[in-house]
Amino acid sequence: MELREYTVIGGDLRNVKLAEAIHSDGHCVNLFGFKNAGFSSELQETDDLETAIASSDIIIGPLPCTSDNEMLNAPFHDKKIHISEVFKIMKKAQLFIAGRINGKIMQMAQAYNIRPIDILEREEMAVLNAIPTAEGAIQIAMEELPVTLNGSRVLILGYGRLGKVLAKMLSGLGAEVYVATRKYSDAAWLRAYGINSVYMDGLDRYLADMDLIINTIPDKVLDQAKLELIEKESLVIDLASKPGGVDFEKAGQIGIKVIWALSLPGKVAPVTAANYMKQTIYNILQELGV
Amino acid sequence: MELREYTVIGGDLRNVKLAEAIHSDGHCVNLFGFKNAGFSSELQETDDLETAIASSDIIIGPLPCTSDNEMLNAPFHDKKIHISEVFKIMKKAQLFIAGRINGKIMQMAQAYNIRPIDILEREEMAVLNAIPTAEGAIQIAMEELPVTLNGSRVLILGYGRLGKVLAKMLSGLGAEVYVATRKYSDAAWLRAYGINSVYMDGLDRYLADMDLIINTIPDKVLDQAKLELIEKESLVIDLASKPGGVDFEKAGQIGIKVIWALSLPGKVAPVTAANYMKQTIYNILQELGV
Amino acid sequence: MELREYTVIGGDLRNVKLAEAIHSDGHCVNLFGFKNAGFSSELQETDDLETAIASSDIIIGPLPCTSDNEMLNAPFHDKKIHISEVFKIMKKAQLFIAGRINGKIMQMAQAYNIRPIDILEREEMAVLNAIPTAEGAIQIAMEELPVTLNGSRVLILGYGRLGKVLAKMLSGLGAEVYVATRKYSDAAWLRAYGINSVYMDGLDRYLADMDLIINTIPDKVLDQAKLELIEKESLVIDLASKPGGVDFEKAGQIGIKVIWALSLPGKVAPVTAANYMKQTIYNILQELGV
Amino acid sequence: MELREYTVIGGDLRNVKLAEAIHSDGHCVNLFGFKNAGFSSELQETDDLETAIASSDIIIGPLPCTSDNEMLNAPFHDKKIHISEVFKIMKKAQLFIAGRINGKIMQMAQAYNIRPIDILEREEMAVLNAIPTAEGAIQIAMEELPVTLNGSRVLILGYGRLGKVLAKMLSGLGAEVYVATRKYSDAAWLRAYGINSVYMDGLDRYLADMDLIINTIPDKVLDQAKLELIEKESLVIDLASKPGGVDFEKAGQIGIKVIWALSLPGKVAPVTAANYMKQTIYNILQELGV
């Protein structure tokens, strides 16, 4: 592997771990945007943005990149970091990799002649992210439930990436797993993997009998009618990103405990999450022949 | 479920089992094209094609439909069955379902105002078919190898439907499974499922050390150069359809045992194969709202 | 199942859940010894010990029964409960079931003509207890480690009941599991289950390379010499009962994080633990033909 | 490992593979008793028994040792080999290892001052033998059944070594596995492993609904009454050694297919079986400090 110079700008704990992981592979890594982080790292923060970027090959931004289309997400920094400033300093040969780069940022990048790469659009990153997310959900379930997952009845809503990893892990713990899906081919896969499948339109008669229900579908699946079928002792974990897949207000009124768990990878396994980002970045570079 | 009238025309043992399975669900089933089958079935063969089709709702043909674009595949019948004749008898409201319906047959169908449905193009059918195929390959490996699969080193080439089911089952038996793939996202899935992944361009150093190599890639993957790396005691099973994924001639010269196993579902598990066809046909009807 | 009258006296949260579980099977249940419990239960506490015991068939005590050979373990009660008093009230036909009934208590029981049954000496109870214990250890590991268990290297010391359940569950999550054992037959079982085995005398070269080490052996396995081989980032969880399997002082000096986790079933899954107790009690009654 | 001289006398294909495996570890191996074997081996047969034994450290006999208490089992030899002759030639320092060494042979050995070791009495050998036996049974089931094991309902009678390995492998293939047992602790283990358990006294209502029933209990479990509950399409595989666990005559009258499969390891996986014998012999030597 060719040694390169990286710059990691802003982001959360994962980005620090990412910088360290890249550094321990022998690469040179500049760190910027963690002035107030309060954690010690083997890496020194570079003083100014210009120095941090100057001789670098790859600039890595936060995941997600921004929340206001102007500043980089840099919760640990003492000042704001303007995306436009980063792009202005960057040279054409330099690569910008970050997460969830929207149309606005794309336009800005084009204006500065920068070609950004969205790491979250990579299929392998999406799959890998499902691993710490699933494990985080399992951890929450273990913490909340007065029963073991082994022997529990668990219903997973959706059999996309997250549903697949959840079903695998929960079966591996000895839970009795049911996966609700709309697609015949999902049911076929569940047959192959020896896991029970439920069609969405027959969901109602399963809801009442579960110790744990985990939603992975980005759609208001658990509305009032469905929530009323669920037993009070059941735990519901919603992994769907905003606006979520559960009518939280109704759930509260009915008295069902719902935990809406977002951004689990960075919270429960920052080192693993950082390693997966590193792997994906290396894959990107290899594909580009950089 | 609404009761309907089905007609099963031609095909192999699976189609007989299919007819029986549909019949045991309470539907009326006409059977035609098995005069010389020599097996007893609870169903009586209808005397002539016209009677068999007349009042039927769904006409089910063979998988694959034809090998010469003129006759239905009907290995157990005493006479030839012209596809055009079937289409001629059929009314517009009747459905024709069969496997691998090519362009020629499609055109013919349009000429007769028939809308055929290719069951093998259904995603769930393709997935379900992978189950008896994988199990058939495992049976062959058990029969041929002087070692148990438990504890054996097995290399699977490809991580499509078949590769996924094989990897799951072989791991379940306690084999040490490696899957070779070209895609980063496949490697990510293998990570999630706890199975070893190998990138195709690093395949060479794994080939020598395997008890069993199973190819699922429809491409000449195991050419002379690769075959020369494989040990003489290893068994190679090729599941790729014609022209196959192994240079069979070279393999023979080098002295490596290769088994090219095609059409396994009908051979190793006709009843399961028929059940999966039945399920898929019911899915089709439900989607059509028939 | 014949309906009976039970009395549950003292113990922790599990005993309350046990009382509720027995009650929901239709039996009559008297509860005594939870005056200060502070949790609401569907069951009412009986006022005095004599009334609680009088017409009961089975008296269930705490797990463990006592810590001073005089009083029942009753952490939630406002007064002390003398074991001798319980025995004095009991009639010969009544059964006394509790956990870890030592020689002293046995003698006392004989003096009062009572035949006590130690539920923890039941093989099925010991196996069932391993389930919440293993899951509790996994929960701790998930909470403490900055990496996912999926993809982690985990070393389990010992392949008794607990080691077996841990190995199964951790493999199911996708961890790379190694089990250290002294017995050839354990290695044979691990071969059958497709899990890596390590002989104890070759343990040293594995210690350095683990993300997680879980000890189940009731013996000082991880002494200074072994601890010095372990990496600082590794987490050690000790499940061995007192005096534990790790030299905790040395571990602290060296800087290795060790979590000594005891009594997990009651802490992480009281409802499951109570259900397993109930099942075991029913088994006892069936065997006795009561 | 210290290099030693071995002699393999008589036995079946496994013993030849065993001799080859020991030889390929660098040891010197004499082979005797395979004159008519008709298979080529890298090892040469020694001409006479005396030469074969003279300078050897370990003499390995057949599994089982004898069927008439006089001759070694040597199906591939042209002459009879008297056990007494082997013992007479052997010196006190030499070790005799074989399978199922009964009281008669033991007495004979003592008379000649020989200490024989029964390899089949070793716990690890018994466990390891369960692996090829289970896989052999699965192979037979795959060959005989018109359905896949994936998705089939399978009932295993007994949860000893063989039952455990079968349950693990069949679950791994995606079968719906039920294990019938008499012991509460077995049911507890099945709970931990996520497999369905059935108590023997409730067996009857499960018998009718199975695709496959595998007996591992050395007792007439499937008598007429039980056999009459089984469906005609079900396959029964009996793995119990003589006299077997099924009333074969009644089964035939009723019309249920029963396959009584004995000595599977040598038949389905002689190389694996030989390797497990080799490993066990090495374990024996290490324990003896030889």
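Read from first to last, the chains carry the letters A, B, C and D; within each, the first residue is number 1.
FYI, a residue touches a chain if its C-beta (ideal position, glycine included) is under 8 Å from a C-beta of that chain, and two chains touch if they have at least 3 such contacts.
In this text, all values refer to a predicted model and were calculated from it rather than measured experimentally.
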(message) Which chains sit in contact with both members of the pair chain A and chain C?
(response) B, D
(request) Using the touch definition from the top, list the chains contacting both chain A and chain B. (result) C, D
(request) Starting from the Cα centroid of chain A, hunt down the chain whose centroid lies farthest away. (result) D
(message) For chain B versus chain D, which are copies of one sequence, does the interface use mostly the same residue numbers on each side, meaning over half shared, or is it different?
(response) same
(message) For chain B versus chain D, what separation do you get between their C-alpha means, in angstrom?
(response) 36
(message) Need the CA-centroid distance for the pair chain B / chain C, whole Å please.
(response) 51
(request) Any chance you could list the residues of chain A touching two or more other chains? (result) 131, 150-151, 168, 171, 174, 191-193
(request) Going by the contact rule at the top, pick out the chain B residues touching chain D in the complex. (result) 17, 131-132, 135, 138-139, 142-143, 145-151, 168-169, 171-174, 268-272, 275
(message) Applying the document's contact rule, which stretches of chain C touch chain D when the two form their complex?
(response) 122-128, 130-131, 164-165, 168, 183-185, 187-189, 191-193, 280, 283
(message) Considering only the defined contacts, which chain B positions touch chain C in the complex?
(response) 150-151, 171, 174-176, 191-194
